[in-house]
C-alpha cells in the first residue's frame, strides 16, 4: 500500500536481468516504488511506448536511446543495465572485415548489433556499402537464417550467438566487441522520462537502487538469479542462460561509458540514423551518483562498476 | 434405419472435419519423420501437443505477465486467454461492422459527404494496422482499447468499401420498384438497400472475421500484455516453436468455431436466402 | 390541363453510344382523368419504354410529360407501375410484398393486415400470404404484383402486361376486379397488352403503335358499356381491324431485319 | 460550353479527391495547431512533408540497406522502393488470386476433395500472417520469396472462402439452364459459374488488394531488407515519426492508384455489368 | 416403349416442412414420339412443376418418368426446356446466348455463326445479335430464349408459355416456325400455354389440368390438319369446351381460398 507505481518496458535479452530481478524480488518496494511491466514483443514497440510517454522508465538498447533523443523525445539516460555480449559470427572462410566484402550480414536495424558490425568494419577499413545487410525482426529467425546458410554472417546476442556457432560448422567469432570497444562496453541502459525525473526523482532512484541490489545479488548467486527469472522471462535452458549471463553481465554503474555513448552516436550519425550528436545533457548520471553516495556499502560490494 | 441415417447426417460434417485434419496432420508428421521438417522450427503435432500442462503454464488468464510461473497452468487459464482474445476480436468486429456499414450507407446517402470522404478512405485502406500502432497508442494509451482499435481499423476501411460495392450492385429493379411505391430516399435505404445487401454483407463480415483474427495477434502486442497474440510473440522471441504452434492451433480452432457460429446466425437471420438460392450443383 | 399529357416524346437508348436505339419517336398522347387507354403494339416497339417515362423512371430524350399540368420528373406513388416482369422483394413474404407500399406511407398495421387479406383473396392468393416469392408460380407472382399495385389506390395506373402469365379464366376475373376498382377510384389507366380481346374488353380507347421506333399508328375509341360481348359482330370487327393494323407493323419489322 | 462541361466532368473526381484530402489534412493541422497532436508522435503533413530530400535519403532503390548511408535521395530511388514493394504486392496478389480461385473451384467441383480440405482451410484462415513467418523463413529462406509467400497466405484462405460463397450464390436458374443445354459438370464451371462469379470476385480481389498492402509491410520486415515496410520498420525503430508518416502517405497513394487501376480493368473486362446494373440511386 | 411416359407422378414441395405444397398429384401421361401435347390449366396448378420433373431438374416425390423406356434422372440436351421466365446469361451477347448450346456440344464457330444468323432472323432479332440481354424488351428476350432452344434440335421440347410476352402477330409467326421445325424434326413437344387459341392451333392433344394439386381433368384429341381455322364452328366449339373446363377449376380454386 502507498507504493508509487512506475510503468516500465524492457527487452528480452540478458541485459534486462537487473530490472527483472528488481521486479520479481520486489527490490524497489523498500523505497516505496512498485514496478509495473508493460509487455512488448519487440524493441520497436518499446520505442513507440516509451517515446510516446506511455511508460515511465525503460531498459533499452543505447542505440534506440540515441535515436529517441535525436527525434526529440523527452527522455534521459539515468543508469546502465547490461554490458557486452554483442557478437559477430561469420561463416567458414571469413576471417576479417575485408573478407566480409560482398557478403550478407544479418542484424537488427538501428540496433546495438548493427552498430557493432559497422564499427567493426570501419575499424577494418571496409565500408558498409560493400556488404549486404539483411534486417530481421526476431532473434530466432535471425539465428535460423544464419544456420540455414541464408546469410554469411550474423550479429547476435547470447545464447543465439553460441547456437549459431555450434550449428553451422566452421563458423567463427569475428568480434565480441571487446577488441574494438574495450571491456565493459554498454549494451542496454536505463532511461526515464524527463518529466518523471523532475516530478519524482525519488522513484527513479528507487529503481536504480533496486537494480543495483539486483546486480549485487546476481553477482553473488548467479544460479539463483537465473532460476528465479528463467521460467518467466527466459525460455532457454539454464546452461545456455548461464553462458549468456557470463557474456553479458549486469552493470548498473556505466559512468565510464559516457564517451562510448558519444562515439556510438557519431557512428550512428555516419550510418544515417541520427542527424545530431548525442547532447551531453541526455546522459544524466546525477541520480546514479546520489544512489551510490547514499548506499556506499552496497556499491562497494559490486563487482562490475566504473570506479 | 432412418434414425441411423439421421444421426449419420448430423455427425457427417464432424467426421469430414476430422478426416480433413488427419490428412493435414499426417502429411506434417510424415515430413517430420522423413526429416524434411526441422522439429526446432516446424515441430509436428505430436511434439507440440505433448506435455500440454508444461505449455499451459504460459497462459495466464489475468495477462499481466504472459508466461508467469504457475499462475496459469490449467485448462481454465487457457480458456481465459482465448476468451480475452475472442472478446477483443468480437468487440473490434462488431464496432467495425457497425461503423463501416454506417459509413458506407452515409457515403451513398449524402452525396457530398461521400465525395469528400471516399478518396480519403480509399487512401487510408491500404495502410497496415502495424503503421497505425503509434496512432493507437497515442490516442488510446495501452491496454485493451488500442488492440480493439487496431482490429477495428483493419476491417473498417475494407468493410466500408465492400459495403459501397454491395450498395452499387443492388438490382436496379428493386430500387425502381421502391421509387414507384413512393419510398423516400431514407425509406429506400432502410427498406430496400439494407435488406438487399445484408446477405452479402454477412459474407463479407465472415471474411473479415478472419482478417480480425489475423490482426488481433499484432494488436495484442501493443502493451495489452495478454492474449494469444502476446503468447505467440513471446514464444517467437524465446524460440519456443512448440508454443508457437500450440497457439496457432488454438487460434485456428477458435477462428473455426467463430466462423461456424457466424454461419449459424446467418442462416437464422437471413432465412430468405435459404432453399431458394442454393446455387452450386 | 388535367390528366396525363405526353407531348412529342422521343426516347433514344444509348444516345451517345455506338449503337443508339430509338425506342419511342415523337409521340403525343393525352389520357384524360378516369380514362382507360390500352396500348397495343408489336414486340419491342417501345411500349415499356413509354411507361417507364410516364412513371418517371426514365427521362425522355426530348419532349415533355405532364400530369395535371405539372411536369413529371420522378416517380410518385400517385402513378403506380406494374412492371412487365413481376418483381417481388425476396426478403418479404407475399403479404408483406403486397402491403409494402402501405407500410411506406405509414398505414397502421391492422389496416395493412386487413388490406392484405382482402387483396390476396381478390387475386386468388388467400392461402399464399405467408409464402416466400420464390415459392410462387409465375402466374401467382404476377397476381401478387397486381395486388401490390392495387393496394396503393393511385391516380394513374401504368400496367405493363399485368395479366400475361394468367390463364384465361383467372385473367377474366382480374380484369373484372380491375374495372371495379377503376370505376370506384376514377383513376386513369394506361395498360399494355398483347391480347386484343383484353384490349377490347377493357379500353375506352385503344392506341396501336407502329413497330420500333414506336409512334401512334391508329387510335380506336370504344364508347361502349362494359361488360362487352366480344363475340358481337361489332367487336369482331374491331378485333379484325386491330389485327390488321398489327399485322402490317409486324410484317414491316420482320422485313426490315431480314434485309439488314 | 459543352466542351467546358466535358473537361469539368473529367477533372471533377480529381477535384473531389483533393478536397477530401484537404479536409483530412486540415483537421490534422488544426489538431497540431491546438496542441492536441504531439508532433513527435503525430506530426502534421506540413512537418513530415517538409525537408523531403532529407527523408528521401532513406530510400535506397537497390534495397540492400534502407536507411544506412545515403545512397538514395532522389525521387527515383523513392519510386524504386515503391516499385519493389508494389511488385511484391502484385505478385502475391496474382498468385493468391489464381490459387484461391482454383482451390475454390476444386473444392466445389470435387466433392470429396472439398469435404476433406474445407475444414482445414477454415481453420488455417484465421492464423495471422505473422504466425506464418517461421514457416515462410524455413521454406523460402530470406529475400523476396517469403515476403510474397506471406502476401499470398494473407489473401489465399480468405479469397478461397469468398470464392466458395460466390459459387454457392450463383443463381440456381443459371445452373439449371446450363444443365438443360447439356453442359457437363466441367462446362458448367467453365461457362457458367466462372463468368457468373467473376464480377464479384473482382470486387473481392479489390478488397484483398488492401489486405495485401497491409501484409506486405509486415512481410518486408522478414529479411527482405527493402521496400516500404522495411523503411517503416526502421522509422519506428528510430522513433522517426516524420518518416513513418511519409511512408504511410506513399503507401496510401500507391494503394489508391492500384485500386483505381483495378477498377479500370474491372470496367474493361466485365463490360456486362456496366449500364445494366448501376444500382444505387 | 418409345416416347415420354409419365407414370403416377406426384410432386410435393417442402415435403418435410411445416407447409407442404402438393403441386402435382398422381399424374399419368404418355407423349408419343412426334406428338404435340399442349397443357392447359389454371395458374398455379402445377404445370411448371411437371415440366421441371420431365426435364430432370426436379425429382418427383413419387412415380416415375421415362423417355424411350429409360428413367429420367437428370437433364439432357435431348430434352430442352424453355423456362417460363426467359433467362439469358448477362455476360453473353444475344447471339452467344442463342448459340450457347452449340458451343457446349463443340459445334464449329462458322457453323454456329450461320445457325445464329438464321435463328435470329427467324425470331425477328436479326439486328439484335450483338446486343446484351438487358437491352432487350420482354418479348425480345423470350424470342431469344426460343431461338436458343430451337438451336439444339432436341428429341423432346418442353416449353413453358414460350410466347406469352409476344403480340398476337409475332406469336402467330413463331407458332408457324415451331410447327415447321417440329414437322421436320419429329420431336415430341410438351407445351404449356394460357391461350386456348394457341392450344387449338398447335396441339395434337390438349390436356386440361385441375387446379392444384394438378391432375388431368380432360384430354381433347384434335386429329385435324394444320393450319387450322380457329373461326370454324368446330374449333369454336372446342374452344368453348376448354373454357368451360377451365372455368370450373378456376372457380373451385377461388372458392377454396376464400373459404380458408
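In this document, chain identifiers A, B, C, D and E correspond to the written order of the chains, with residue numbering beginning at 1 in each.
One rule holds in what follows: a contact is a pair of C-beta atoms (placed from the backbone, for glycine too) under 8 Å apart; a residue touches a chain by one contact, two chains touch by 3 or more.
Just so you know, these numbers come straight off a predicted model, no measurement behind them.
Among the remaining chains, none touches subunit B as well as subunit C. For the remaining chains after leaving out subunit D, touch-based grouping gives one piece. Ranked by how far their CA centres sit from the centre of subunit C, the chains are topped by A. Note on interfaces D-E and A-D: more C-beta pairs are in contact across A-D.
Centre-to-centre separation of subunit C and subunit D, using mean CA positions: 49 Å.
Spacing of subunit C relative to subunit E, judged by their CA centroids, is 26 angstrom. In this assembly, the C-alpha centroid of subunit A lies 84 Å from the C-alpha centroid of subunit E. In subunit E, the positions touching at least two other chains are 14, 85, 135. Multi-chain contact residues, meaning those touching two or more other chains, occur in subunit B at positions 41, 133-134, 137-138, 236, 273, 275-277. For subunit A, residues that reach two or more other chains under the stated contact definition are 48, 52, 140-141, 144. Contact between chains, per the stated criterion, is found for A-B, A-D, B-C, B-D, C-E, D-E. Partner subunit C is touched in their complex by these residues of subunit B: 173-174, 176-183, 187, 191-192, 195-196, 198, 270, 272-273, 275-277. Only residues 16-17, 19-21, 23-24, 37-38, 41-42, 108, 115-120, 122-131, 133-135, 137-138, 154, 157-158, 161-162, 165, 167-172, 175, 185, 188, 200, 203-204, 206-207, 209-211, 213-218, 229, 232, 236, 241, 244, 247-248, 251-256, 258-259, 273, 276-281 of subunit B touch subunit D when the two sit together in their complex. Note for the complex: subunit A touches subunit B at residues 12, 37-42, 45, 48-49, 52, 54, 138-141, 143-144, 231-236. In the complex of the two chains, the subunit D residues touching subunit A come out as 38, 40-41, 57-58, 64-65, 67-71, 133-134, 137-138, 141-143, 221-223, 225, 230, 233-234, 236-241. Here subunit E touches subunit D in the complex through residues 55-57, 74-77, 79-81, 83, 85, 87, 89-92, 100-101, 103-105, 132-135, 148, 152, going by the rule given at the top.
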